[in-house]
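Before I ask anything, here is the structure I am working with.
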Amino acid sequence: METVCLNKSDDAFVKAVETESGQRVSRCYQCGNCTAGCPMFFTFDYSVSRIMRLIQAGQKERVLSSSAVWLCAGCETCTQRCPNEINVAGVMDACRHIAHREKKFGARPVSAFFKAFMDSVRFNGRSHEVGTMILYMLYTGRIWTDVELAPKILPKGKMPLLPHRIAGRKEVAEIINRFNQGLSDPDLVRAGLETQGASAKEAVS
Amino acid sequence: MSVLEGKELRVVGFLCNWCSYGGADTAGVGRFTQPTDLRIIRVPCSGRINPLFVMKALVGGADGVLVSGCHPRDCHYAEGNYYARRRLEVLKGLLPVLGIDPRRFEYTWVSASEGQRWQHVVETFTAQIHALGPAQPFAGASRPADRHRPDAAAV
Amino acid sequence: MKIGVFICHCGSNIAGTVDCAGVARRAAAYPDVVYSTDIMYACAEPGQDAVIAAVKEHGLTGVVVASCTPRMHEPTFRKAVERAGLNRYMFEMANIREHVSWIGKDMEANTNKAAELVRMAAAKLRLNRELKPKSFPVTKRLLVIGGGVAGIQAALDAAEAGLEVIMVEKQPTIGGKMAKLDKTFPTVDCSSCILGPRMVDVAQHPNITLYAYSELEEVSGYVGNFDVKIRKKATCVDWDKCTGCGLCTEKCPSKKSYDRFNEGVGPTTAIIIPFPQAIPKKASIERDYCRMFNQGKCGVCAKVCPTGAVDYAMQDEFVDVKVGGIVAATGYDLVDWTVYGEYGAGRYPDVVTSLQYERMLSASGPTGGHIKRPSDGKEPKNVVFVQCVASRDPSVGRPYCSGFCCMYTAKQAILTKDHIPDSQSYVFYMDIRSPGKGYDEFTRRVQEEYGAKYIRGRVSMIYPKGGKLLVRGADTLMGGQVEVEADLVVLAVGGEAAAGSPALAEKLRISYDGYGFFMEGHPKLKPVETNTAGVFLAGACQGLKDIPSSVAQGSAAAAKAIGLLSRNMLDSDPQIASVSVNRCVGCRKCIEVCPFKAIQEIDMRGLPKAEVIETVCQGCGLCNATCPQGAIQLSHFTDNQILAEVEALCRF
Amino acid sequence: MSIQDELKSAIKAALPDLSCVIGWGAGPEPLRAAPLFIRGEADLQNFSAGFLSVNNPALYLPALKGSKVGVVAKGCDARSVGQLATETLIIREEVHVIGYPCEGVIDVDKVAAALAGVCEPGEVGALREDGDNVALDTPKGEVRLAKKDIAADKCGRCIFPNAENADVFVGIRRAPTVVEDAYADIAAFEARGTEELKAFWEKEMSRCIRCYACRNACPLCVCRDHCIAASREPHWIGQTDDVPDKLFFQVIHAVHLSGRCTGCGECERACPLGIPVLKLKRALSRRVENLFGYKAGIATGTPPLLTFNIEESTIKERDW
Amino acid sequence: MSRIDVGYFPGCSGLGTSMEYERSTRAVCRELGIGLREIPDWNCCGSTPAHSTDAALSAALASRVFAQGEKAGIGDMITPCPSCLKNLRAALEHLEDPLFSARVEALTERPLQMRHRIRSVLQVIIEDVGPAKIKARVRRSLKGLKVVPYYGCLMTRPEKLMRFDDPENPVALDRLLEALGAEVLAFPLKTDCCGGSFAIPARAVTPRLAGRILDMAGEAGADAVVVACPLCQMNLDLRQGQIRAGGVDRALPVPYFTQLMAYAFGLPEQEAAFRKLVQDIQPAFACMSRRAADIEAEEGKVAAAEAEKARKAAERAAKAAEKAAEKTGTKDAAADGAGKKSAAAKKPKGKADVDGGEA
């Protein structure tokens, strides 16, 4: 382990997490209740309460490159039981969103699965389970994933091989494309709103 | 001069002794910086505040009037603030009809421990009055409502 | 009128951002001001002497001091002007420290504002009138509300000092929470052995009258002369006849009543004597469980009672007493922990509260001092203690630390080992708070000598699995999730203000905080006084505290009450309302609104008029603001005085 | 039997138990009736009630507290009686209220406007009621006017034309002019904006002659001879002719009546200069009605400003 | 029964792995008078993967769903899937924030106009229909079936967003299953996470988390684990083999609550769609039938004993009344007393008649 230099706290990162999640991380008093109830704890590199602590200390790099932020299942147990009413799952979400924007993927298979799913949605407008699986195997090279389940489920007729494509799939694809182009970046949008406000004021005067 | 020209407006506060005056003290002890416009009149209880005092100040040339008492249930005299709440809330209905901007008058509750809240109230209310600008006095007074009459002239 | 103005520098506190000499110069020009100066420390002895000297030298008839808040030094300066030979009310203060120098850095604005505040004070002072207090006799009797350890201490101390004491206790016995405890920390001495004799003292003291199973119905009056109405709730047993033999409790067929004293650990009967050492040791009927009341027939207790004390038709009775002072010592309750769904919300019998556990540990408790699991009566081996349940938890509205749980949990872990030598205790804690004498050593002993395992983290969930309870928690020091298989889980549930505290506070006209705890007069300097003269606080009703602190506060409250009631006469505050009979039209509006019933209607030559009962009036001025013709005026805060202040601010 | 006759017989029946009955009789000029104190049957011949019964007889009741009196009441008069009783300024049992359905009362200023170019109202020789109209004898011949065109403003928004809670009610209850007083006049007035209204009051109050007719006509004024407008202890207003002092008196009167004013409009009617002082009171009445659902003189129980609720569901306090 | 008309968002899995949920939901809603208007050309709601990537992206997808609803004049909608529900609700909440809504509009270029409300199918059934009406519709009681209700982590959480039932110990499903006649066993892991969303990318998760839930259900003696979430169902049902490798030794069927409702309402297999489940439910039904027979026999005995008791009591009362009458000599009183008693004794029988008439 490295010595953490507490003077080098990335306060901008703390602020970014707080803004994105709408939570005040300073409210956390490290009781560990989130960690205690976390079902995914055993898959994490840092426990939830430790992630909260790292955020408090402004340890941006360690937080964003952790696998924990990607492996959070969003089950909301931590949020539900936090004595300080912090939306802990929301803080994890915010960290993951920032990580995504900064292209940091602390748990490859997870981000690959998300990508596979989103690609399926981009093609069809809806998610298509078989398609998602194929893309996932393609992205990760894990071609034997769940192969033993195929004989169980295929005869049930629950896994249509062809996707349901919706009429408005282009619309959906555009949403995702615009996102990938960074059009919804908070800083960009905020700047846009401000110039808009300014020009509106000018128009009045 | 009484208020600093161009800097301050005339803001009168009526505060109950037990909660809000104490809250303003707490804000002072905590060095919570506030605008200097407000002048505070101390009364025992918000229930002591006859709505006519508020009107007297507004008709007499105040640019804003702020009343603050104990939070409901916390009145030192048990019930005074409940009466104040009704009377002041009703009073708000009179101002616009008289030609006085109702935003020039507000009432609120601040406890003796809420120094920070008091700072926030003073900042917010003072900013609100500054946004409205100086109130024009009712014309037709024999004593000119000279806003910057030097003290020497008072004697 | 000849007014003198003194502008205090308060060292640099005021002078740092206010031109005090400049303010004094401006004040010299105000109407009626004949003398004006600035002064380094007005409140210090030389400062006060300077004021007195100026009064004498310049023949001043009124004094304005501009310094700190009147809430701090008004009494100081009033005494000073009194020493100078003036009436103490011929004095006004301008608050130029808390309201000026401390909240702004702009010297010009501050100086100007300070001068304005002085103008306002001087304008009001011109209309001040000499006020003289009236004195009235004191009733030398003390009411103590609550018979827990704090109330007992206060009552005994006051009774020893020769005061007559009335004690009112809600439950059928005194003793409070302490009577339920098995042992006390950090000495692990027997709770009932130390409390029991004091309870007996209360019963036997010639100066103490005990009303058990009674509540305060009404309070009126004022310091020195409160009129108190006590409701004696119907016990359905004539306590004059009852000998406390207990035959009725043996024969009562309704054996499934909730046992309040034992916190529901095991059932009891409908007619009860709460515990063997109860004071008074008298039986009472819990109507909710009694067959006579529920089914209309039974009557077993009446049949077996050797003295014929049972009286099903008994009604509540009222007792009126006059007292000079009141001590509130109503204690606390445990928070209803069933809000914690993740701990089973009360569905799992083997999850108990610390107080229930205390009854299980007690030799006089329902299990005879044997620790048994409520579900199957088996002896537990692994006992998990969870601290900070409903303490330091904003999500359930209890963000405060209850203060005593760390210590009693350590004690219970020790007792667990004493009772079951092969047991293992686990304690989940957030921080160990043990600042008392010998306390921290105690929490070390439980770990080092008794082998209790302390785990730093909260518990997320408790659920039954295979006859045991699975406790899912965190060990934040180890950095991860932990699980314990427990036979019994004890929740160290935090405390809250006793049920009904706000209602009692309203009866006593004292303030209470957002949680229902009574507010002391000053957090440091008036820890047992309240804002209502003559009402004092003792014990956990003011804020959660352990036994030593409660006892200390009980004695402190008694000392304050003894001091008050040692006087034969008291002075009334003359800042009260008075009626100008010429102006009063008898419309009764002031009578309608007065919160203290301090105004009465009188007949004056056939005309109705209002009259203020001087000793009852508290000086709030609500009547003054209500009277349309201004016939009733609050002395020292008259319409004219406030109008003068408004004018001083608005006219210039 | 006409309402007039019915009222007379009701008065006659009640008189033996009462020291007097207050009603209306002929006034100084044909368009103005005057209050009539009926002490015996002989006085009855002067009695009349109808379109000219403008004055509010409740005005006299507080001074008569202690003796049994009767009062003939329009809807608005009965509200005043009700409010006085609620505040125990009179003892309700002492007052015998003889109510009738009011069809509205005259506003002489409106007649003057209608007769502009014809004659002054004082020159009108006689007034005859004829259903929904009146016929006026003027120097230039008969002029017929519709009652609704010359009725007081308050009649146009009247929700209680029938004397409520009367001890005796004569005639057939009529439907109210409107179901609910929406205070549309106040809303429209307020909409003119603070600047314009400030100028409005400066102009109006500059005409005030401090005669206090408004106060003296108000049945709910409790202070009477002890009005703070004429007092130095306390000294609320100066005795100058300045607008602020004169305006402040109107503020005092309005604030003193908040939660109590029944809207009888006598203050405004009595004003010799026609200053619309009722507006201030109605602004407060609207507020009180909206906040506490209290209609003075109709609602029973403590007036809203002399009581409170710990939780005020209708008061939305500012969130700082 | 009064009709309820509401928009319907089936969710992507309804077309695939949770088609039994979809089918049975439609059938049950039809029976209960809940008219479903499917959102035309709906798209993925933006749940887990989108939400995990970015809140604005997820809300943009949700926003298109709402916009599609708007086009058809639908503001009020329901969905069977708790994950879709949470996501759609979260989107609505976040859209209140101006910056966030600007970010979303940057993606959709299509601002929303209507006020939307979205609830779960379970919520609508329990709140708008209620257990009493459901009970009245039961044709084939589930008497004898021991079940544990498994709500999953999202049905009630986050509490402030979902605003449904108790977040730690929900009972809506319990009440519903009881109304169908089933015996609902205490189940402390009702809202524990099963790890379903990570079944594919993190394989260690399912055996551990879902295993814990199936273990506990098995220990409790359940015949079936009843669920309301497609992700949970697939995880617990399809992956039971993977889990069993981790220690569970008993096959447990994992039906949706709507399937059991369809069964209880007497709807055909086509609509209950039990055959779509990987773990066969038939053994559980067999168990149920056996137990139901036992229960009925037992109940019969108890009823007979009680009737006997009542008859004896009536006899005794009549005798006592007679004696009393003899003593006082007022026969009327005796007749009166006896009459009262016998009337009381008759009362339950009268009620049974009414019930019979209704049936």
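Letters are used for the chains, namely A, B, C, D and E, taken in the order the chains are written, and counting of residues starts over at 1 for each.
Here, a contact is a pair of C-beta atoms (placed from the backbone, for glycine too) under 8 Å apart; a residue touches a chain by one contact, two chains touch by 3 or more.
As the structure is a prediction and not an experimental result, all values here were calculated from the model.
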Smallest number of contact steps required from chain A to reach chain C: 1
Intersection of the contact lists for chain C and chain E: A
Minimum number of chain-to-chain contact steps, chain B to chain C: 1
B-D or A-E - the one linked by more C-beta pairs in contact: A-E
Chain whose average C-alpha position is farthest from chain C's own: D
Farthest-lying chain, centroid of Cα atoms versus that of chain A: D
Averaged-CA centre spacing for the pair chain B and chain A, given as whole angstrom: 50
Cα-centroid distance, chain B relative to chain E, in whole angstrom: 58
Distance from chain E to chain D - Cα centre to Cα centre, in angstrom: 66
Shared-contact residues (touching 2 or more other chains) in chain B: 56, 60, 73, 79, 83, 87, 143
Chain E residues counted as touching two or more neighbouring chains: 167-168
Sites on chain A at which at least two other chains make contact: 42, 77
Pairs of chains in contact (touch as defined earlier), listed by label: A-C, A-E, B-C, B-D, C-D, C-E
Chain D residues touching chain B - in the complex, by the definition given at the top: 186, 189-190, 194-202, 205-206, 236, 240-244, 247-248, 251-252, 254-255, 258-259, 279-280, 283-284, 286-288, 291-292, 304-305, 308-312, 315, 317-318, 320
Footprint of chain B on chain C - complex, ascending: 26, 29-31, 69-72, 95, 97-100, 102-106, 108-110, 112-113, 115-117, 119-120, 502, 506, 509, 511, 531, 575, 593, 595-596, 618-622, 624-626, 634, 637, 639, 642-643, 645-647, 649-652
Residues of chain A touching chain E in the complex: 20, 39-40, 42-43, 70-71, 73-77, 79-80, 87, 89, 93, 96-97, 100-101, 107, 109-110, 112-114, 117-118, 121, 125-130, 133, 136, 145-146, 148-149, 152-153, 156-160, 164, 166-169, 171-172, 175-176, 178-179, 183-186, 189-190, 192-193
Partner chain C, residues of chain B touching it in the complex: 1-4, 7-8, 10, 12, 17-18, 21-22, 24-25, 27-29, 31-36, 39-45, 47-50, 53, 56-57, 60-62, 73-74, 76-80, 83, 87, 119, 143, 145, 149, 151-152, 154-155
Chain A partner contacts - residues on chain C that touch it in the complex: 342, 388, 392-396, 430, 456-461, 472-476, 479-482
